[in-house]
Structure formats: structure tokens, C-alpha cells
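As C-alpha cells, here come the structures.
You will see two complexes here that share subunit A, one where it goes with subunit B and one where it goes with subunit C.
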Partner chain A sequence: MTSIDIDAPGTSQLLVGNEAIARGALEAGVGFAAAYPGTPSSEILGSLAQVAKNAGIYAEWSINEMVAMEAAAGASFAGIRALAAMKQNGINVVSDFLANLVMSGIGKGGLVLVSCDDPSAISSSNEQDTRPIAQWLDIPLVEPGDFQEAKDMTKWLFDLAEELGTLCMLRSVTRIAHARGNVKLGKLPKKQHKAHFDQVHDLKNVMPTTLMPVPSSLRHYFLHVKIDKAREKFESSSFNRYVGPDKADLMVITSGNCWLYSQDAVKALGLENRVGILKLGTLWPMPEKFIRKHLGNSQKILFVEEIDPFLERSVMEIVANLPSSSPRPTFYGKRSGHINAYGELNPNMVIKAISNILLLTYQPRDVEYSKKAEASAKSNVPERSMTFCAGCPHRATFWTIKNAIKLDGRGGIVTGDIGCYSMGLGPAGFFQVRTMHCMGAGAGVANGLGKLGQFGFDQPVLAVVGDSTFYHATIPALINGIYNQSKFILVILDNSATAMTGFQPHPGTGITAMGEPTQAISMEALCRSLGARVEICDPFDLKSTTATLLEMMSEGGGAKVAIMRRQCELLRAKKEKPPYRVYVDTEKCIGEACGCDRLCTRVFLCPGLTWDKKVGKSKIDEVICNGCGVCVDICPQGAIVREAA
Partner chain B sequence: MTKKRLMRDPLNLIITGVGGQGNVMISLIIGNTFVRDGYFVTIGETYGASQRGGPVMSHVRISKKTQYSPFIPDGCADIILGMEPVETLRMLGRYGNPNVITIINPRPIYSIDVTGGNAEYPDLDKLLETVKELSSQTWVINATEEAQKMGSPMFANAILIGALVGSGVLPLDKKSVGPVLRETFPKEIEANLVAFNKGIKLVRS
Partner chain C sequence: MSRNAKGCKELFEEVIDVGLCTLCGACAGGCPYLVYYKGRIALLDNCARMDDAQCYEYCPRTYLDMNEISQKIFGMPYDDGEIGTTQEVLMARSTDSVIRGKAQYGGVVTTLLSLALTEGFIGGAILTKTSDDKTPSPFLAQTVDEMLQCSGSSYMACPVLERYNQIPKDTGGKLGLVAMPCQVLAVAKMKAHPPQNRVSINNVRLVIGLFCTWALSPDKFYQFLEEHLDLSKVKKFDIPPPPANRFDVFTTSDRTSFPLEQVGKFTMPTCAYCLDMTSEFADISVGAAEGIEGWNTVIVRTDTGAKLMKMARQKGKLQVDTLPPASLAHLKEASLLKKKRALKEIVKKSGDMNNLLYVGLSPRFTEKLLA
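Then we have the complex of A and B:
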């Protein structure tokens, strides 16, 4: 609702964490921003792209995170402040470049990397913690403890990166990135960006940006000099603070969203006078002196952090280096089992950990009420499994894949990838998908399976991938499959958008992040240019798509491509009215008496189709149905009717 | 409606329903209104993979004093705005307490587990009875039904916002919510204002 370029310094706005980060970049005078969409990071670039023209900056959706980071570094080398943003998986994609970027150093323009982690893997294939990567590659790392800090830290990080001459990283998590809170705005700079790549380097940054014949080990030494300087800066940072009594019964050491949970927990327990909180904002390098100063606040220390015991290990390392005469506190955290080493945390878990350590009982609600409420919910609330939206083309695609594999009869295998269609692992995609790892892995794994003919393997292999993922990471695997003649079908589910993350455009859409028309890269022309057989199918045409897949499975030769082309239903529904009015002809639907075993509601599982228990027949839920009309073709009785709307 | 204080600080409001119904929109409108009135607001959303068809909740935490975390601790909801019946009960089970106030839209949305025959949707009348037993005060607002009469089930959102504001449980009034509504629905503002007023009327009747 609030545009991130609103010129209202001093006012408080309700911003999503990602918008706060974007606003911080704007206040810092960022000139160049690049990203690949990935939950929970997408709104950073999304909101910057929206205001880019007005703000006089450049923002792009890059083909993948690697290119995004490299492009941002290019801008930094030419003196422009630049930002790259990605989810935790993207950090893996970009890590090879990062390991070399820290050696070269950045240009005159501050360069900031934002990583948004997803504890509990709410929208991810894993819940990887990216903090250790900063430590591993020696990248100064900060983590905002609320929405205000998300903005303020981002702004500050550009200055820091320029001062140190190295890339700086901000780590956020879903509960900051996708939560909303108050942010008091600062001023927007009236800065003219002027880009120039300096051929003769300014040696202020210790290492020039171009490759010079300086031994890597020497560059590594200079990197350590930068990290020592970062540590000095962090020692006095106001993003690190202690709140609580001078002598506490327990001290919590925490950072990020867990700082908010820790405060909630201390308040809920009424322990403000007994429990202190050491809140860290600068995480790597650790502000050792600052931490040592506060270690004596309590004999008991609880680490409250999600996923890896990053703070726990780092503080223990500091304690290990204390003189032997120093008192040793008792540590509680992941090692002791007081805090989970997997999944995200919440205030309840922190309340429980503190109560356990201090031997307190906590009862937020009446016991009798609690029993009754829990029992009622348990016995009355049905499961709500994830599924494709009503009218989603992926449901139709998986239906054709399922039927083609069945007709083929050799036990065809589907390898999966990252996107909405990952739900093909479950009932939404009729349990067709067998593997799911990272972006592009489906086609990679298919390459191996498709070469096993000499070992007696004759199962057809289908690799499903979305359109955006195709451009991101699948093209090399397809080339490999053609070059090495691996027998698989690359099934591209082309719904014209990066749908799962919020419909961002990609190279196939012909539109840029900033809304400009551009040259669309045709996936079929690209695949054909590689020599692949390419078939374009409409997944809603169930019969002909099934026949095409079946025929392609029986054909010999290397990798082939089937493009399932149908726009994402949510995108279509935003622009136009439903194409059909769909209803069940209750005369024709014979319910359980039909031999179909409730194919529409029990197997096809479109949420727009429901079962009317009272009359024992299928029914369309008009609130949910998007009017795609595909279910008409699956009913053996012809009882579902579509009329042009 | 006169300006009042929060009945508790922080005030913990849960908006719940099924992905796609519009709970994010409601939380934004309420949240923005409070921020403009000078409050701290934190909103935690279920988002992402459960965007469509899954159980969703927004935790809205409002305070005059400080920024709270985006999670309401278990058993600590003050108000639950339920856009779907079983999802309302799901929230009461975890966040309810004897003082909780509930506004509920009684229109069920069946999950694929229910339509597929792997789970049972409870009897609606009994379900509403249970919700009333677990709440100190309950308003049943036929928001979807009324919205469909207006031509689109999406008007249920504005009806429910009207009901929430009209119930008087929040220190908000038409005057403060109106401008935010206008900014949120610039194209269909007239219809949404009709829906909003309808919600106020329903909750007071």
C-alpha cells in the first residue's frame, strides 16, 4: 500500500521486511539492483523495480542468482552502489563467485548481498542457514532484529562495504522478510549516479577490482585485514545491545526475529527484572570485546536462534579463549536440547526454554478451557492438504503424464524441480513426481537415468520443469542430454510466469522487471536450435497431450522437449472473466453408483469440485471454481457441463 | 463510534481463512489504519506454499508501546476474525481463551482431503455451537452469502472489515478506516464501501 519511494521522512509506515530493506537501499542511494525471485526474498527487487523509473535507478530480474550477483558486482566496479537479493538456495548458486569476489574486493560503489532464509522451509526445498557461509567466505554479516533495523542496517551496509572495500551481507528470515511492522522513514538522497570503470585503480580498497597477478594467498591476507577492521566497527555498533538487569538469573543471547520472540517471552513470563537479553545485530565477524564485556551478566546463558547453532558456537569459541581464571557460564541452547536444532522458533518455544531453565510454570489460559479447545479442534478440524489452484494447468499436465505413463506400461519415472509443480510429489500431481532437489536438478537427474539403457533400464524418463526454472538452470542439462544422447523428455510447464513467487517476468515473457517490453527468448526456438525435437501441447487438451507424451516416450534418440503451454490460472483470472460456467447435471451424475469411483472429487482433486454428501453427487463450488472446464473431459458420464460464460 | 483505547496492550487479533480468501488484505487494511493512528503494529502472515487453498492466518499485534513479534503466543488471542468455519476452530484450539471474541463467516470451503473422502467436515451447526462455547462473544456474519448477492464473493472481505469495525472491539471507526479502504480498492471503492457498511449493519443487528 505504501510505495517504498514515498518522500515522507520522519513518518512511520507499515512495511513488509523486504520493503524495509528496499527502502534502506533507496535511502542509501542504490543505483543498481538485481535478483532472481525466491520466497521469502522476492519483494525486495519487486518493490525496487516498481519505483525504479521514478527513482532513476536500474532494477532487473536476472536469469538466476549467479548472474544477479555478478551483474551487481559489475555496477559496483563502475562506482555504482548495488544490491543483489536472493533466498537461501540462491546463495549456493552464487557461492563460487562469492568465494572469488571476496578475494578481488569490490569497486567504489558499495555492494550488498541480501539473503532471506526460510527456517521450517515454508516455501523451500530445505531450511539451510546462510550465516555460516558468511563466516566460511569472510563476508561481514548483519541481521536485523525488527523492521526498522531492516531498513537502517541496509542503508548502513552500503557505507560499510565502501569503507571496507568488500561485499557485505544482510541475512533476513521469513518472519522478518514477510512480516510487517513500523518503519520510520529517512530522507531519500537527491543523487545523480555516474558510472565509470576506473582503469587505473584506486588503491584505497587494498585490492584492485580487475585481476592482477597478485597471489591468492596475499589477497587472502588482505581479506583478513578487512575483516579485522569490520570487527572493530562492529564492537561499537548500536545494533548490538544488552537489555536487562546488571546481574541476571539468565542471559539470552539472540539475534534477528528471535530477538522479538525473546522479548515476548520475557514479558509473557514477567521476568524483566531477572532475565537479560544480549541482542546481536552484527554477527560476523563477532564483536568479541562487546560479547566478553557482557559474559559476566549471568552464570546461565541461553542461545535463542533458528537452525544452526551459529551464535552458540561463536560465543563458545570466545569463551574458550578467555583466561583460565575467568568464570565459565553454563550454556543452554541446541547442544543442551533446550532449543530445537531444526525448524523455526516462536515465542512459545522461548517461553518453554526459559521456564525449563528457571524451573517456572507457565499457564497462559485456563486449564479446562485449554483441554476443551484443543480437543474440539483436534476432533473437528479436517486436514487441508496443499493443492494446485482451481483451474491450474499443472493439474491437467500431471493428469496427462499419469495417464501416458500408465498407457505406456513400463513404469515411467518423473523427476521434479522447484516451483508450484513441486506439489506433483503429493496428491495435487497424483504422486507422479519422484525426485525434487534444487533448481535444474530434475533435468540433471534425468540425464543419468536416460543413459542406463546398457544396464537393462527401459523405463521412460520425464523431467518436469517450469518456464522460469528452465531459463534459470535447465538449459545446460538439456544440452548435455542432446550431446550425450540421454533418453528423456524434458516437460516444460510453461505458464508464462514465475508463478510461485508472485508472477515475476522471466526471459520468455518479453517484459522486464521495470515493465519495459524486451526481446522474448522463445524456449521452443532455443530448444530446436539445439537440435531437440520439440512438441507444444495444450495441457487442457487432455486427449491429444496424453497421446503426444505416449508417442514421445516410445521414440528413441536423445533428449526431447514437450512444452505444456497454458497461462497460470491466477494471471488469467486477474485479466478476464471465467471462460465457462461449469455445473454438474444432477440427472447425469449417478454418484457412487457410477463405476468411476468419484474420479472428479476423489482423484482429480480440483478444489472447485466438491461432493454433496446429502444427495451423493458431485457439485461445483461456485466460490472456488475458475471456470476452466477441464473437469468436463474427465467425467465418464458426461455429467459435468461447461457453458460459455 | 468514539475513539477508545485498546482493550488490551498488545491487542492480539487473528484473521484466519483459506489461502486466496483475502486475509492478507484485511490485515493490511486494519494494520495500516492503526499505524496512521500512531500505534505499533506487527503482522505475521502464513505465506508462500500455502498461498492458495491451505489454512492461512494473519497475526496482527497492536500496541501503543512497542513492536511485538509476528507470532501471538499460544492461548493469547483477543479477537479472532474467521473467514472460514473450521479454520476459526483451528485457531481457537491453539490461540483461544475464555475472553476471546470471535467474528465468523459460516461459509465452508472444503479441502481436497474432505472432497477426496479422506477427512470429514463437521456438521456446521454443531461447529458454530462449539465456536460460541469457546468464545466470550461471537458474531456470525454471513459475509460470503451477502457478497454473492452483491455479485462477487470477494466483497466478503469488506463486509468482514465492516463487521470488525462495527462490533466496536477495536478503537477504529469508519472515519479512520475509510481512507485506507479507498487506497486499497481504488477501482471498486463504491462497491467495497457498500460492502463495508453492510458489515457494520450486520454486526449491529
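Then we have the complex of A and C:
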């Protein structure tokens, strides 16, 4: 694989979209990069951190997106080009800072925010379009349509940010971020970074000056000036272009990955002479003149975009402001129902929309063949549901939570948030998680539930949170719960990793993004210093962990903390051999004759345990089993055996 | 009522969730799903099995065919009298003053158990032990000393049969059991239809049933006591005979009395629907001899019971006397009254004269009780 700092200008390299963005930042001379990991953005900082030492730049995994963005702004204020990258929900966390940052302006170092959306929420808790946030906060916004643009746009954005004196944003989506394509590289700058915080800034960057602070309303005015200037720049940007006949039967307006789908669709239909494509790369502020110039290309306009009708609304707004004598095209898109209003698109969906508008019949392939192909593909797919890995400590934790809640008998509630442990909503976590919103929300929601005693509420409340999420977004909620005496148990699932996004370090791990050792922040010391009762449990010890939770549930008082400490099984398995050899004693397993009703493979559901249909007994899948040995303690017949490996 | 296709779901719907559970423990401990915890039966996961729902089958509050069970235990139809099938009704007390000092009344239960153990009748007995914090829990006593530790009553329900279900099925020796009437009923059901996948019910060689008018809900009553007393100092509980109308708690140094109505609030709701005062399917039933302090009433019901009683007399372990006719009459009257009252409550609960919930008596006897 190509390292993103390869010094080979003019050559083409195969890069993942996120690497292309990182390379663009390197070519722009970025000095400071910060991010919190999250799909589909993680590889941007991941790849920058790998080359940071060699490239003489600084890269960090920040505690959360807000700090990442603020830290990057700090670097910008001292004249260093800086980048912050985040998943779609990250920008929500940062929005308070952003709303103020656009008013203050940035420093002398260009400042770029990369926000990566996840249409269809393939690996997210929600589906959200972050493009309207750029519009809402007046942030110049671009979106790459391929891998080359991902690199080139990123590089250009730093120049633009410095020229305008405002934060600029690049929006990417999963299919750009995680796909791979050829990128022609540019030069890497040789300049040395020199940071200095100037006490006096020009009016463009309304940072502390020797003058009186500028009133907010005036700063808003300056921002609008910057946006107008950005629009001017966008009018002539080569990232916006029209390809197609001068008089088309239909014009597609699109951007990003949807541009690729649109090209595929037009080609597949053989309509290059009838359908034109207006591809936009600079999305906000809209290049109005450029769009107006092309509006006459066709009487019919189809908007091809994912999630929100962002282009659709913006273009309609432009059309609404045209003189009354101007021709009014017919619009097709989400509003008309030709394009899905949620979820990802694909070329086939675009083909359908175009065929529908132009009254064409298009059959991509024979219906019978299609059915057979689908059946054949399905027959090769093993039956598996979404679940925790074999040996995952979360399974054991949810087992103890479930049993403790059932034994307690007051209808205990588990609030949660996002992470591997979100699977606690389903069979993997025995359907224990009842609420799942943004990072840290479980603890916040628990704060409210835990104060309802005066209204007759007696249900125990347990908020589950991952270790990385604990540092990211939970500490204020815990402090609130302790201070306001809210009755809940914060259950920290400490698997010593940001496991879901790829094992990035967090403040509990004692290592930085650049691989340097640092002082780990002890979560138990932190919680105890707040005055919370803290219990540290080994989730693999089902009996004592259940007893601890039960006892904590019955105790009065405010917020408490139970730390479930077991390293992520994937991390452990990378380093060492399984601790046990686990097998089923076929004499002791009496199969259906046992009163357990297949507790092991019907309820516990570790993928390492399978039901041997032929002999009607439980069986360990030795390939999948990681040898944690927890199932030994759930088998009522004692038929599962663990031997020290 | 069909019993074949019912499982834990129905057990909850028909028994536990409607306040009929006796906490006998017959459904718990035999599978990974049903567990006794602090005065409740908890269902840890749903069991999807339908073929072999022993939890439902052995519950003393699911359908009881009294005639069928009586046939299995006594070889004759159910005795439509007041106190069930009897061979002999006596009064007795232990000759051992240590046992008498510790026991609730005459110490007959502890004496019979230790005799059964020393004579090799049984290898151990599942009893109710009041732990240091005064919560009752099932205990498998295997020495005379351990049996002595279990003497005396806590008046609280205790899931004795969960302990039976937990005994590894291949390792159980000959067992004795001291049980409340509801628990004796569950054991009788097991004897009538032996359960699978647990220690054989044939290992239970001796069932000593206790007289019972009601039991206290362990968790709630425990909380109540805890609010009023230092439980670590409690030595004994007692309900002195009428007209005292009080519940006594003896500590090392003194006695605290509560009005019976106050304690009555913690009675298990299910006791109102119980027809059995004298553990009618036990080998021997033992209770207080009302009005005769320091003595027990003993009902010998089976040959096993008779054999043990005979041995106890021969070996001079028990002092035995005839129960005064007035006391016997009073016992029968009280027992019959419990049946009548319970059946009326059952009809009230079901709202239907023909729906007696779990009770399967002969139409003639049912009619007589409801009259």
C-alpha cells in the first residue's frame, strides 16, 4: 500500500478516499490535524498520524470532536494550517463552537473541517446530511465527486480558507471515504512550520485586537461579506461543470458520489446525446450565475443527491428569484418522488428515475436471471445475525445486567448510546438496551430517569457507556448525577479501546495517535475524585458481577459507577493465544433432553457456540471460539469444559 | 384443563403474576431460567419449550387432581374429610431437652429427623435454615448438628424445593424433607409424575409436613422486622395460642410483641386460596398441640411415617400420648374451616362457581365445602 507521504509528484497512486483527503492536506502544508474517530472518517487522521513524525506535523486523536475542532482552530490562530476530521454526528458536537468560529474568523493558518456522512447509516446511529449545517452556519462547502477531487479540493480549501479568513468545509460520504481510486499526486511542500500567535489581527480575522472588541452583529456582516466572496470564487471553479448537449431532454443536477452514479446511468441508457449532467463541486454558497447559465439547458431537471434535497432546494430558490419572464423548468427529485428521500442511491435507482421521466423502459437484466442470481448468492451466505465477537466481554456484561435486572424484579432500564454495545438493543445484548441516541446520551437520559422517585418511579437505571465514550461525552453527565443525586449506575464497558472504529487510542490507553507513551487517565480515580462509589468488575466472573450490580441497584443515593474491565477480545487475540481450550463434553450435554432449551445457542448466542443438528447437541466452533470460557459458567449441565491452553 | 402445552409463560400468567405463588421453589433451580431471589421467582429468560414444562406441572397452584395424587401416595381416593388420610393422630414431644429447648413446640420434627438420619433412613434432609441475618433459606442438613440448627420456625415462606431441584441428579442420596403444605403438595405431584433431569423423587424417603395456616412474605416481612429490631440478636419467633393474638420475637435478652393484625399484613396472598392446613400428603404431619404447651400434634399418614414413629417410641426418643378428643375435634374444625374459606376466596377470585382455579376435588366434596 502506498504511504500518503510518498514523494512522487505526477504519478498516479491508488488511494482510499480518506487517504486522498489526507494527502491533499499534506500537499497543502497542513501542520496540525485533530479528530475523533468515527465511520466513515477515521482513516483521515489515521493515515496522517502514521506519517506525522516524518512529515514534521502534529496529529492527535482528541477526546471528542469539539476539542479536535477547537484545537485545530488554536493552531490556525497561531498561523499553522490545520484540519479537523469527523463523522457526520461529530459536527453536531462542534456546532456551538462553529457558530462562534464563523463570527470570529480563523487565524492566519487555513482551517479546514472534513465532515464525513454515512448515508443509509451503514455504521451510524442515525442518517444525517451535514450539508445544511454549512448553509445554516455560513461555512463555504465543497464536496468531491471522485478521489482526485478529494485530494485536490482539500488542498485548495486551505488556500481558500486563508484567503477568505473563514473556516471551510469538505463533505464526504462513505462511498468516497472508503472506496479506492487513482489519484495523481502533487508536490509536497518543504516549508518548515513556524507558529506564532499575533496579538493584532486584521479585520478579516476578528481575533483579539488592540481595538475594542467588534460587536457580534457587525461580525455577522463581515461573515456575509466573506460568503459573497466565496460565491464569486465558486462561480469560476473547475469543480463545477456541465457535460451534455446544449439542448437536453433532461438535465441531471448532482454532486459527490451521485455524480458517478449519474454518469453510469446515462451511459447505461445510452442517453449521452439526450441527457446532460450539471455536476457541482462547490455547494455552498451556491454559484448562482453558473447555475443560472445552465438552467436553460433543459426544460426538465432531475436532482440526484442522497439524504436531504439540498441541491433541489437551493436551485429552486435560485429559480424563484429569476425574472418572471424566464422559462420555468419542471423539477424532478425527492419532492416529486423520483429519488428516494432517505438512504443511499445507486446507478440503478438513477436509471429508474431517468427512465420514468423520459418514459423509457429499461430492464438492466432478465428478471428470471436476476432471481436466480439472488438465490444463488444467498445460498452461499451463512446464517448470522449482528452480534458481539466470540469472547467479547460485552456479551458477558449484558448477561450479568440482564440477570441482575431480572432478579431485582423492578423492571430495571438500560440506557445506552453508540458503540459496539449498541448491539445491546438486539439479541446480542439480550435486548437490554432501551434507549440509544448520541454519544453520552445514555448517561444524560439516566440523569432524568434517576430523579423521578418523587413521581413513584422505582425502576433501577443503568447507563451503559464505552470507555472511549466515557471520556468523550459522559463526564459532565456523571458529575451532574453525583451532584444532583440522581439514582443511576453508570456502567462503563472498559475494553481498553475505541474498538468499533478501529482501536484508536483514547485518554485511558496511555498512548497517543503518533505512538508516543503518555500518562493514562484512570477512569476510576477520576470517578472516585468526584465522590462516586466505584466498583471494578470482571464481566467474565458472571456470578460476582451480577451480585455487585444487584447490590448497587438496591442501594440508595446518587450516581454510582461500575467499571466492567476486560480487554476487547480482538485486541487480546492479536497479542496472545486463547487462555483456554473449550469443548463440549458430549456425554454430559444431553441436548434437547436438558431442561435448558438450548440456553447456549438460543439465548447466550456466542458465535463460537453452535448447535450440531445431526447429533442434537451443543458444539464449540474451534475456528471461531476465542477461548474465553464464559459459556462454561452458563451451561446447567456443566457440559462445557475449559482446559488451560 | 390441559396441562401438556403449558410452560413458564403460563406459570407466570396463571400463578405468579396473579398472586398465587407460594414460593415453594418447585419451579426453580431445575432449569437456568427460573430462580428464587428475595421473595420472588424471577424469570431470567423466556423458555420456548412446550413439551416438558416441569415448572408448570409441579406447581402446587396449577391443576391438582386430588384423587389421582391420593391414589399414588396412599393407594386410595382422596379422603373427603377434614385432615386428609390418617393412620393415627397423636400428641408427642421429644425426650431430648436440648431439642425441646430449641424447638418451636415439642421438638418432634427435629427428633424424627435425627433418628431417621442415625438409623440410615435418610442421608440428609432439606430444611429451612434461618441464617444469621434471619432470612430463611433452604439448607441440606447432613448431620444431627446441622438439623438442630434448623429447628424452630421463621413463619416465612422459603423455597425448599429449589434446593431439591439443585441437587445433581446422579449424586443424590436418600433424602428427608420438612415442608409446608404447599410444598408437600408439589412433592406429591412429583411422586405422582416423576420429574426428569433432576435427582429422582424416589430418593425422597421421608416427607414431614408442617401444619400451616399462613406464611409470611419473606422479603416484605424481613424489611418490616429490620425497621423494628436488631435482627442479629433475634433467637426465636412465636405465635402464642389464642387469645394472645400477637406475634412474639425473642432476642437474647427480651421479647418484642407485635399485634397479629400488624404482622398479618405480610401474609402471602396465596395463603388465602390454600385448602390444606395439615400437609395432607406427607408421611407424617406435625403441628402445635393447641392448649398443651410443649407438645406437638402428630398425624401419621403413611407406612413410612408409622414405621418411623414406632421406632421413635421404641428407642425412647419421643414421649407419646393420646390427643385429647376435644383437641382433635378442634383441629378438624379449624382445618375444615380453612378449606371452606379458601374455596370461597377462589370462587371470588375466578368469579365463577365452576372455575376453582387449581383445585380438583370431587364434585360432592366441592359442593359440601361451598355450602
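Note that the second predicted complex is superposed on the first by the 620 of 645 C-alpha atoms of A that agree within 3 Å, B and C clash if a C-alpha of one lies under 4 Å from a C-alpha of the other, contacts with A are read in each partner's own complex, and residues count from 1 in each chain.
One rule holds in what follows: a contact is a pair of C-beta atoms (placed from the backbone, for glycine too) under 8 Å apart; a residue touches a chain by one contact, two chains touch by 3 or more.
All values derive from a computational prediction rather than experimental measurement.
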Practice prompt. In the overlay, work out which of subunit B or subunit C sits against more residues of subunit A.
Written response: B
Discussion item. Quick check for you: in the superposed arrangement, does A:Arg384 touch first (subunit B), second (subunit C), both or neither?
Written reply: first
Worksheet item: Of the two partner chains, subunit B (first) and subunit C (second), which one does A:Tyr261 touch, if any: first, second, both, or neither?
Response: first
Worksheet item: Given the touch rule stated above, what does A:Asp146 touch, subunit B (first), subunit C (second), both, or neither?
Response: first
Discussion item. Quick one: is A:Phe430 in contact with subunit B, with subunit C, with both, or with neither? Answer first, second, both or neither.
Written reply: second
Worksheet item: Which partner does A:Gln485 reach: the first (subunit B), the second (subunit C), both, or neither?
Response: neither
Discussion item. Just to be sure I read the superposition right, which of the two partners does A:Thr512 touch: subunit B = first, subunit C = second, or both, or neither?
Written reply: neither
Worksheet item: If you stack the two complexes on chain A, which partner ends up touching A:Arg602: first (subunit B), second (subunit C), both, or neither?
Response: both
Worksheet item: What is the contact status of A:Asn356 with respect to subunit B (first) and subunit C (second): first, second, both, or neither?
Response: neither
Worksheet item: First (subunit B), second (subunit C), both or neither: which does A:Asp366 touch?
Response: first
Discussion item. So subunit A touches subunit B in one structure and subunit C in the other; where do those two contact lists coincide?
Written reply: 602-603
Discussion item. Could you list, by residue number, the parts of subunit A that touch subunit B in their complex?
Written reply: 1-2, 12-14, 39-40, 122-123, 146-148, 174-175, 178-182, 257, 260-261, 263-265, 268, 346-348, 351, 364-366, 369-370, 372-374, 376-378, 380-389, 427-428, 500, 570, 598, 601-603, 605, 607, 609-611, 621-624
Worksheet item: Any idea which subunit A residues touch subunit C in the complex?
Response: 402-403, 406-409, 430, 590, 593-597, 599, 602-603, 634, 636
Worksheet item: Which of the residues in subunit C end up touching subunit A in this complex?
Response: 30-33, 35, 37-38, 40, 42-45, 47-49, 52, 54, 196-197
Response to the item:
The subunit B residues in contact with subunit A across the complex are 18, 20, 27-28, 31-32, 35, 38, 40-50, 52-55, 66-71, 73-76, 86-87, 89-90, 92-94, 96-98, 107, 109-122, 127, 130, 133-134, 144, 148, 153, 180, 183-184
